[in-house]
Amino acid sequence: MTAYTTSYGQQSRLVRTRAMAIWVVVMFAVLAYLPWVVGQRAIFGVQFTPHWLLNTSLTDVNITLIFIVGGVALNLLTGFTGLISLGNAAFFALGAMVASAVGVKWAQLPFPLVILIAGAAGAAVGAIVGLPSLRIRGIYLLLSTMALHFIMVYLYTRYEYTYFGISGVQYTYTSAFGLDLTTDIRWFYFLLILAVITLLLMKNLLRTRPGRAFVAVRDHELAAASAGINVARARVTSFAVSSFIISAIGAVYVWYLGASTTDTFDLSIAIAFIAIIIIGGLGSLAGTVLGAIVWQLFPPALIAVSELAGGISPGLQTTVNQWQGQITHIVFGVIILVVLVFASTGLAGLWGKIKQAFVRWPYTS
Amino acid sequence: MSAVATAQEGASGPSTKALLELDNLEVLYGNVSLALRGISFTVPERGVVAILGPNGAGKTSTIRAISGLLPIHGGSIRSGDILLDGKSIRGAKPDKLVATGLAQVPEGRLVFAHLSVTDNLRLGATQRKRGGVGDSMDQVFDLFPVLKERRKQQAGWLSGGEQQMVAIGRALMASPRLLLLDEVSLGLAPLAIELIFERLREVRRELGTTMLLVEQNARVALDFADHGYIVESGRVVLDGPTSELSQNEEVQRSYLGGGASGERVSYASTKRYRRRKRWLS
Amino acid sequence: MTKFIQLLISGLSLGSIYGLIALGFVLVYKATRVFNFAQGDLMMVGAFALVLFDHSLGLPTWLAVVLALASAAAVGVAFQYVFVRPLAGQDFLPIVMATIGASLIIEAIVQIGFGVQDITYQTSLPSNVWTIGGVHIASLDVITIGIAAFCLTVFTLFFRFTDIGLQMRGAAENGEAAALSGVNVRRVTVVAWIVGTLLAFIGGLVLANTTQVVNVPLAGLGLLAFPAVVIGGLESVPGAVLGGVVVGVLQDLGAGYISIDAQTPLVYAALLIMLLIRPYGLFGEKEIRRV
């Protein structure tokens, strides 16, 4: 009963079975209490060392939430519509510029409005970028998005030099719906709500006709066109929606950081996003969540592990600490390779297989 | 099990020695799907054998097993053997097989679209030792004059029939002893089919090449070959000299669209008939 | 005017290096259909190989150069074996992602091995400067351009006129058809990667001698080879080098007349324009596809 749905009404609900409903409630309870756990390193008053949490801080958690939103948007474009893009960092930069212009420099609009305007700018640019995607395929599309990246970052640099100083673009205005966003904990709840809203919107989009059109265009363009889907419109819409979200969350991102420079929008950020959606699983929303968590929380976890190992061999600990960045890169490179070679559906696919094995036991093949 | 046609023997006809022999071959795809369930047949030297059967019967799998291309498609030989000239070639690599005198004209032509016709032909001669490549190319151009006209064009722009000629020419460039032809008539206009098979007859006359062809077009195949094997669901269900096969009532009903007295029988009634009378359990 | 010619010449020299990277890149692509995001990293490894043999091991320079070039074969085979072969048959996105992962791993390993600081390299090539009509021409620039021209000629001939060049083109076009024509596809692929890596290493050696600084960010030059390849034509060997030259010249002109930051976006803007008006590049061919 808990494994398969038995009616169409049940199938089309978001939370399908009673077991799922219980899990959702538990998850939200955990998430609500999480910032206190992380911030004070204690559960209901029971103290424990940072290592139990793998050395994460609330800042890491908040950045993870931001990357979840950005990753989900990229997954819409690449995983579900099949349009590969290295433009994430570019849209972050665009969102930052627009947000700075309307939120700090020439107007001080309320934060939620700033986010929406940044998103709208992203959607406009995204739609324009999406137009040539009809004629430009595969690798050329990838290079076009790289071009977008370099041009956009250049514009951002000009903007920064012209209107700000060496310390970069500043974002000082921080309050949403009357609540001042001054502490990490408040940011956490704000970002959590944003992330949940984005995930819900995504899930619904993919369950409805435009979403199915995206997937159809990805799978077989000619067949989709023969079925009456407007391929051009599907692609441009995908670009626009995806870019809206990325630019919007880009504005949020720089506001959280407080300041931004050209380095904030390095190409490596765009590469990081692609790594996240591949490791998590292209075409899987839950996978992106997992991917972002792994990506963001691995470096502090590495330090924590090395500190634990330091008890055994201090030499090892200093080596790991010295080459922390490089080791992180090597590990992620290897994970990407392993996922690509063996489990092309990523972590989410792996989880799905484990779940299926449990559900079907003892009839597993 | 198989009887080689004894009517024509001698210098210009098929010999009694088998060039190719399949022995109870079982082919598996992806560890789950058994495409061939024990196929056996022989192809005599200088003879022409046709494999007939409906879609999905396992005809292309047979060809792939012989030419070593199964791994590319996720297949493997589960049991049985393939003998070329008495030596086992099971599991041999495709390029080595070409060197031993085996050439394939694949299903769908598979020409090198962006390369010129000449380059396509040159690639067919990859395993040839230095000399004679130019002569072979002249031979191919004699056989298919239209290729000579278009020799500098990119193969992708040629018509279906011309591409088929390129594919056959490319195979001939390897100077093969055994030519494997996979669905050569597929997608071609009737006139083109006639032309191709006429040229293949010429190849047979001039070079004495042994041929194994896989065909869905039963009429053309039975006309061209000496001996035929009907394959259904991975097994050989009938074989014999093509002269006998074309007279066989079952064959006429199922593959030639004719009834006992030669009148046209509708496919619908044939299906009903086949469901009632099964050759396989 | 002299400024323009000056920038043109330095651009040509820089463009020659891009041309070498692009050449290796296009050869690999033409032979294996793999878009190697890590081609710049291979070049960087070449430069470090020279440093290893010349500085760290203290061998005579000529021997260091020979060994560095010889090691290109080993590196190329290893690269193909670890990062490309396991993904045979997959779509181009996983393959590109694998090469991106490769670049992450390679850069990290080089940093662990050689440290994060810049390494200065003393070139043993003649480094005079001639002045003609107010324009300074460095002998190193001339050498760079000469090497690139030489490689272009040799490898164009190799690809167009040798048997193995034809086999590579056939294998890239249709692996199954090549196999049944008798081509040993695996061997041809390995040869292609060795040649591609060798060209990357040559670029790295030249770079070490001209800029005289060897560090990991050198790999970033590879990112500018992509516009070179698109402008010249993804399938064209001479086009790659020409595209490299165009990129080098554009870059120096951009730095000279606009600003240093404008270099990369200017080049990529040129890429965009080329994609919109002539996607298959200056020398490429239209794609033939039967629907």
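The chains carry the letters A, B and C, assigned in the order they are written, with residues numbered from 1 in each.
Here is the rule we go by: a residue touches a chain if its C-beta (ideal position, glycine included) is under 8 Å from a C-beta of that chain, and two chains touch if they have at least 3 such contacts.
All of these numbers come straight from a predicted model, not from anything done at the bench.
K.L.:
Of all chain pairs, which one counts the most C-beta contacts?
P.N.:
Highest contact count belongs to chains A-C.
K.L.:
Comparing centres built from CA atoms, which chain ends up most distant from chain A?
P.N.:
It is B.
K.L.:
How many angstrom between the C-alpha centroids of chain C and chain A?
P.N.:
33
K.L.:
From the C-alpha centre of chain A to that of chain B, how far is it in Å?
P.N.:
Inter-chain centre distance comes to 54 Å.
K.L.:
Between chain B and chain C, what's the gap in Å when you average each chain's C-alpha atoms?
P.N.:
Whole-Å distance between the two chain centres: 45.
K.L.:
Can you check the complex and tell me which residues of chain B touch chain C?
P.N.:
Going by the criterion above, the answer is residues 67-69, 72, 93-95, 98-99, 103-104, 106, 110-115, 119, 122-127, 154, 156-157, 170, 174.
K.L.:
Looking at the complex, which residues from chain C come into contact with chain B?
P.N.:
It comes out as residues 163, 166-167, 169-170, 173-185, 235, 285, 288, 290.
K.L.:
Which stretch or stretches of chain A touch chain C in the complex?
P.N.:
Touch residues, chain A against chain C: 78, 84, 132, 135-136, 138-140, 142-144, 146-147, 150-151, 153-154, 157-158, 222, 267, 271, 274-275, 278, 323, 325-327, 329-330, 332-334, 336-337, 340-341, 344.
K.L.:
Under the touch definition given earlier, write down the residues of chain C that touch chain A in their complex.
P.N.:
My answer: residues 35, 82-83, 86-87, 90, 92-94, 96-98, 100-102, 104-105, 107-109, 111-112, 223, 226-227, 230, 234, 261-262, 264-265, 268-269, 271-272, 275-276, 279, 291.
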